[in-house]
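Comments concern the structure below.
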């Protein structure tokens, strides 16, 4: 049992946003097979169909995806969220996005009645209105959005960061100033693949985000730096596919981990990672607190 | 035969900086086994021993390294550079670094007599004096340094960029404004690994840079964006280990490619990639120009 | 992995609305019922069951399939796969019942051929809108018996595969396989449930696919949250009890679309 | 791959200046002459030849080796490897000559054992600073003859391995292996070159290693640019003709250090 921002998790593995998280049924399934908590697909103010396929390819060493934030929008998703919450004991965190602070609060308010256990703000969406390329690169925008949502709700607010910035710590600090209860790092790493037979970019959206093993070292570094700089907990995500990866992420400073692409190998990944961490700790007679941030204490 | 910034290359594969590039003997060896050009280890104003080991680990899907720019400094390296130039017909490009524009020009001047065919400015070194975390993240610094070196020399000046920035295009534009003849992208991607048995970061320097397959999608995207925005040629580097990777990089917009980590599999990688590209073009009756930037023309 | 580039070697017009595209790459590892993601470059990427180890059979329904109908021999496609769970293969001596409708015949043809090759006794009920749309009649003609229906009565028996099924004692069969429009399969499902035969039945479903590899969740079905692209597209009848099957599916945004 | 975590199971003081550390992991795939990178966490990572499939034999020379001398049984090390090119293995009936000096005996012990196990006839010339520093005498004692020298004459013949070598007709041998201080090997090289025996000789070299996996170039030797960590550490005598061998090596910054 671990506690993070007031939520009680039976184990530190959390389903990452955008992975099997569009319906109550699949969220409940992932909870049943072992996740300590589940995050929904990112939900926005309007329905979105997302980009044309191909929207995800397996590169072997990682995955490249450009879904384009497909989601039915908050009015349609409320019922799913409510069902998910009622059918499982594990915390259900609503991931939300918008183009600006107003849209974020609009979505959060719209979903509040459905009873999520926390909000996760996806401030990594490209092409947000009025904020240039991406709000997640702009400390002011991140602080403002975080403050707006934390003002509006008493639920814990997690802020999920993009690694595609010069200095992720300054973005994390902005979220903390805005009142974030936890930081989630990282979203996908900007990437692209081209089909040499035709010259076409492989993804329908031409470029996308890299996830899976390839980004683990990037995520470890971001979590390591955020842990050193922030007071609030950091939740680590990026390339975790076995318990060793999860322990590594916790040693970098993560209080819990999210798992995304690794469901490719099977949804039992949550149980096997949770068990693996337990055994690791038991074998060495350690508690979670002993390993969280351990790398910072090894000089 | 391709021409890039006035240099004639018998094939578009170039040895990347920091790979088997500390001595004339190894540069000449790499040229002999097939590279179209070779770039030296980055040379600075003072001798540096680099970081403590471990300085490089193979992660399977890529490599993590933190060498710490070990180099004998320009006075000591001049003789190597001269020997390298005299013992091979392929262009020898001197990679140089410094903490500011003065140091860059000092190193470039110091090496000029040894007769390099071009300079490659490594503006991706962390902890540079007077420039915050890294000069490569600062458009003004990049422009100033590039301008200083291009003023000082008639040789082609290539500027090598770090991907660890919010917007690599703005850095590329700064280099172009500064008079760069070509852009080289990318240097390694910030990353870290932790040994879970002990909690120690694996690298002696705690964190380092990711290279190899894992970063190829990142490099492809950077090259794609730089090609679209700039007038000067882009040289692609990052994760190229077979001819398909090289063709992909060229379709993203690279006029030539650099190869680093892939020498791990064998130094014959230059020959096999060059041959592979040739066969690909011949089979389809294409020329280099047909594939460079092709992805931009496939809408 | 990146999509495999294949060249179209032969184009066969199977019926007014369906075309088979043969290509120069055999997916020999593919099991009957598995699908591939077919990338029509510049347009879209869509799921298609392999109708042969080296072919797909396509019905024109919208953008991407229309674009495909314009392709010539020598043109290229990008293909990823095979993906998903195929049919459980029958064994020698098994009595097999196949119920297929429309382009669903394409998804089941490899299975029928396999069944016959191992010496199971196969009975087929095959339906189509009209006589012209009857697909793969030759490949689905088994020893055990062939029953054909057309919606409009333009040939054979006028009516639906379910009419035949209702007159069949399914308890005689060891394995039952079905593929076709979901409304057809819903009726098949109801009849088999009534006859207590669901457990030995496998159905091949369609849902909207994005990733196609079991990660994004776009194709998850209500009920147990099964992913059609990874846990399916072939499901055992019992897996579909109390699911959304036959009621609704979801569109690209995750919105529900009633059948 | 990440370093493998090993636990030290036994510590053997081989001589006043060398200790063997046995650990709980056997590198069974290792060939005689290959090395591992030994990570003394918090201090440094250094190359060491495997003196057994599960042990390294260490001479104290500086920071990291000094730290190792403070380790106890039960302590841990991180190990990456095995890396590099080992010795070409002799065959049954081969007449083998081994010339080892100082801690070089550690690098050659597995080869000597292997040679004897396949039934080659081994002659060993082993040198040390003094009697106490004579390493692995038991493992290097072959059928074919053993010649011992000490620099100070504290036991056996006073002098160097080269004194013995000069009295040896190396044309009698099929394979010659040597490992020891570079100045010793330089003299050995000279004698063998004079006797026309370089071609059948393999030498195990030391250079400053950073990556240890053939990428960074820190260990490249002048001449043909051979990487000691990947193309070596074992080289054929002919590969070293006209190289920096015996003249100088490079330090961590790439600067030349004369021997």
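Just so it is clear, A, B, C and D label the chains in written order, and each chain counts residues from 1 on its own.
Everything that follows uses one rule, which is that contacts are C-beta pairs under 8 Å (C-beta built on N, C-alpha and C of every residue); 3 or more make two chains touch, one makes a residue touch a chain.
Keep in mind that what you see is a predicted model, and the values were worked out from it rather than measured.
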Neighbouring chains shared between chain B and chain C, ordered by label: A
Chain whose Cα centroid lies at the greatest distance from that of chain A: D
Separation of chain A from chain D, taking each centre as the mean of its C-alpha atoms, in whole Å: 51
Euclidean distance of C-alpha centroids - chain B vs chain D, Å: 36
Inter-centroid spacing, chain D versus chain C (mean Cα positions, whole Å): 65
Per-residue multi-chain contacts in chain D, two or more chains: 41-42
Where chain B touches two or more other chains, by residue: 59-60, 193, 198, 200, 298
Chain D partner contacts - residues on chain B that touch it in the complex: 18-30, 41, 47-50, 52-60, 63, 65, 67, 70-73, 76-77, 193, 195, 197-198, 200, 202, 204, 260-261, 263-264
Interface residues, chain B side, partner chain A - complex: 59-62, 64, 133, 137, 164-167, 189-194, 196, 198-201, 206-207, 210, 213-215, 217-218, 220-221, 224, 244, 247-248, 251-252, 280, 291, 294-295, 297-298
Touching residues (chain side chain C, partner chain A) in the complex: 1-3, 5, 37, 39, 41-46, 76, 78, 80, 209-218, 220-227, 250-255
